[in-house]
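Each structure below appears as structure tokens.
After this come two complexes, each holding chain A, first together with chain B and then together with chain C.
Moving on, here comes the complex of A and B:
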């Protein structure tokens, strides 16, 4: 299992979303098959809504947790 | 052609449009210059992301379709009917069973969207249940089926009640099963037989009320316990081994078992034990059904008592006595001991029974039994064989002396009158005695011989006892032989009639003949009536024999009349048994008519005793016969007891002076006086007198002198067959005529 960390602290939407989507487009197939996952580190509160919503529509699972004053959004395939 | 700036503005606007669709913020120009914008390629990113969204959507739709199909299939194959109603009570959806059960098999598209009350005849009930829609079960009857309905609400996203799903389950079978179970439960609790169920480890798991009633143990005391709790301890281990053996072999055992109740009583139970096995043949339970048979047992022993005892006196009956006698004989045979048997018959019992009624008779028997019981030893067996016959069995070296001693005591005791209902009854008893081994070696012979000895005691004047002897048996045997010969003679016509002339000495002629029956081929000493008439009367053979005599005598009379013998009548002796026949007068008159002989040419002879035995009956019979002219003579007059006043009232023609008074005439003054008195009496009553047994001329002369001119006897003629008699009459007439 490969974890791709994207640290986009300091960025705000829509950049956060676009940066995450860019990675999802790239390794989406691996995430779907469960071989990889993406962990986004962001301090943009709005991103915690837009990123999971979009990822879910694309068929990914997500969870969000707070981590050191930021948010950690995990995007993964199979539960 | 637009400028570059316009083109970027356009691109930025379209990017923002896409980002809005994605649900995020527009790009801010201050964050991203045009070059970076191109380098970032948001359109490409979004487009590629959309591709993934669409792919995912397609997959999701596909899965949804499958799931919908799957749900529809489940929905339709569900063993229940499902109807979804909206808030307006329209059918929103329903499954295949619902179409069948509730909508008369209509197609789904004909039903869905329609108001329930238009498509379903039980809509009212459906709607009622929907309104309640509380998830509770309702049981309704639909088309004769018991249906369980559960209604559940479906809420929309905002939590409002949108639809109601109703699930209908056919529970007819279940209800039926429930009802059956209920019934079995009722049977289980109310049945009179105790039912006790154990598990495979023989622990009691269920009992019914009857088990408690029978054993006294409560249900709680028995549940979990072993059936051994009920053991009486009276059966050997082999008994239980056999029981378990049978159970193992055939799965079933039935038999009587003695158990013990809670309060310690031993109880006979009829038990049936059966194995119960599950579908795989594994033993799961034993069911024992028990019936309390203590009352049956009591009845059985009561019946046993009744079968072996006389209900009236409580004494052993013939059956039990026979068993006892056989047993005692077997014992005596081994021990070389002696037994005495006393056969007791009450004298005159029949008279009392007939005249005072059976109730008095029964009471007398009870008293007699009581009196006998007081005389016998404890070791003796007293039994009632039936009627007024009792028997005593003396065991253990019983001697003839002891037996006659007891018989003496009995006879003496029975001389004392019995007091029944305040009335003194005098009966007496006759006892016959036999001893084993002297008088018989088996029960039948001993009883038969005791009976014979008892009859001898009766014949000897009752009120006494007689020890059996071989002679008695011989007498009894010859009586039986005589009876058989007599019966054959009556059947085969072995009798003859002889006639003895009755003379009128004044006129010197035969006026009549007395018919006398003879049995020429009868056993030695039984040719004359005295020898066989008593037995013929006892056996009632006198009835057919008497009829034959009458017919024969009348035929002879007709013959003599035709031959011109000029006889006044023929005289025939009639027995008391004949006279007592209800149809005697009618038979006699019929015979008379048949013969053509006029009534006044027939005379019947009755003895005084016959006449006096039932004077009323005789008077009626004689008057009846007199209407037909038939004559009546009283035979053996003077030897019996006559009431003279009756004599006067009866239609009598003749008194016959008994030969015993004639024999010593004229030598014996007493006989002469009696003869004279009878003749005088006859004359006074207006009757004729005939002297019987005249053997000498002196007798005849004396009788003639005192006024009797009609005689009969050897002086004139012995009784002779019809032809000889006829010849005698003809001869005497010729003699008389020639003398005249």
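Moving on, here comes the complex of A and C:
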């Protein structure tokens, strides 16, 4: 299992969703098959709603955790 | 301080504090509402903006009918011109590049964003720079007046405001109720202390109404950006600032509610009625957002970001400052204040804002976020 970390803390909107989408499109097949996952670290409160909503719509699973005053959003293929 | 003025300063500060707190907790971003239409075909936040506009429309009109709102249209609105469209267009580009509008950047700055602080600095500079082109720009505005002698659509059509605003608000209400039932007004969010945007929309509509009743107009802040910019500029070049015609204008001249004395103000560096209304609002929004971020343990300076984005924030801020004077005024003034009374200037501003946001989104994805 390969984990791709994206740290977008501090960046201007809508970096979070744009950069996540870019990676999802790039390695989406690997995530679906369970070979890879993406972990986004962000302090953008809105991203805790938009990233899961968008990823779920594309058929991925997500979970969100708090980490040091920021949020850790994991996007994965299989539970 | 005179009592009427004291009421204004105190109400502005409280309204600002609540607005800043609420906008941070809900991440109630007008820029995202417009930008994400084009970037992601996401209408979620735009629905919240429409909720805010529809509720404000009903509140303002019922307030007027009940006699608690006396002046409609409110001060500082003028005849519709092409300058409103052009200003809205530049404003749209600026807010996308800056990552927030003139109000959004305040609450993001309050929560610790360096990019938004840079955007704020850009806005002050852009607003002050407008004074250099004011003579030409105001001539352009005056030569492109579209409707003479009417500020709002009801005035233009010669009907009473209630005849137009109440049915329109009613229709909006029916549509919104349908959106609520279909579950399109809410979405799950995992942020700590999250406030649902629809609740924020209702609170902000209430704050706009309170501002209208207590101060005599809805929330607006951008004249004081020119004022602050002029104050900074006059440390370096006092003679130049004193010689600019724009800084000696006094467009605000009215008698506020709960007072029998007229007050005046303009974009010049002096402390006047504009400063009394808008400075406390700015301080309040920044302070409210700071408090909201601290209370959920999320306040921290955020400065480590790609130089490209810092540059974009600064350039966006400059455009915002300039556009807010060209338009004149900002998205919050027009969307949350002018659109609810169908001010022609505000409708034209939105007509420019939409294509401007589209251009901004193209620039952002092409040059800034890669």
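As a convention for this text, the second predicted complex is superposed on the first by the 78 of 79 C-alpha atoms of A that agree within 3 Å, B and C clash if a C-alpha of one lies under 4 Å from a C-alpha of the other, contacts with A are read in each partner's own complex, and residues count from 1 in each chain.
Everything below uses one rule, namely that a residue touches a chain if its C-beta (ideal position, glycine included) is under 8 Å from a C-beta of that chain, and two chains touch if they have at least 3 such contacts.
Worth saying up front: this structure is predicted, and the values here are computed from it rather than measured.
Enquirer: For A:46, decide between first (touching chain B), second (touching chain C), both and neither.
Expert: Touch status of A:46: both partners.
Enquirer: In the overlaid three-chain picture, which partner chain does A:14 touch, first (chain B) or second (chain C), both, or neither?
Expert: Once the two structures are laid over each other on A, A:14 reaches both partners.
Enquirer: Which partner does A:54 contact after superposing on A: first (chain B), second (chain C), both, neither?
Expert: In the superposition, A:54 touches chain B and chain C alike.
Enquirer: For the overlaid complexes, name the partner, chain B or chain C, with more touching residues on chain A.
Expert: C
Enquirer: Is A:64 touching anything from chain B or chain C once the two structures are fitted on A? First, second, both or neither.
Expert: second
Enquirer: Using the superposition described at the top, list the residues of chain A that contact chain B and also contact chain C.
Expert: Touching chain B and chain C on chain A: residues 12-15, 17-18, 46, 50, 53-54.
Enquirer: Going by the contact rule set out above, which residues of chain B touch chain A in the complex?
Expert: These residues of chain B touch chain A: 19, 22-27, 31-32, 40, 42, 45-46, 48-49, 52-53, 55-57, 59-60.
Enquirer: Spell out the residues on chain A that touch chain C in their complex, using ranges where they run on.
Expert: 9-15, 17-19, 43-46, 48-50, 52-54, 64, 66, 69-71
Enquirer: Inside the complex, what are the residues of chain C that reach chain A?
Expert: 24, 27, 29, 31-32, 35-36, 39-40, 42, 98-100, 113-115, 187-192, 194, 297-300, 302-306, 309, 312-313, 365, 368-369
Enquirer: Taking the complex as given, what residues does chain A use to touch chain B?
Expert: 12-15, 17-18, 21-22, 24-25, 28, 46, 50, 53-54, 57-59
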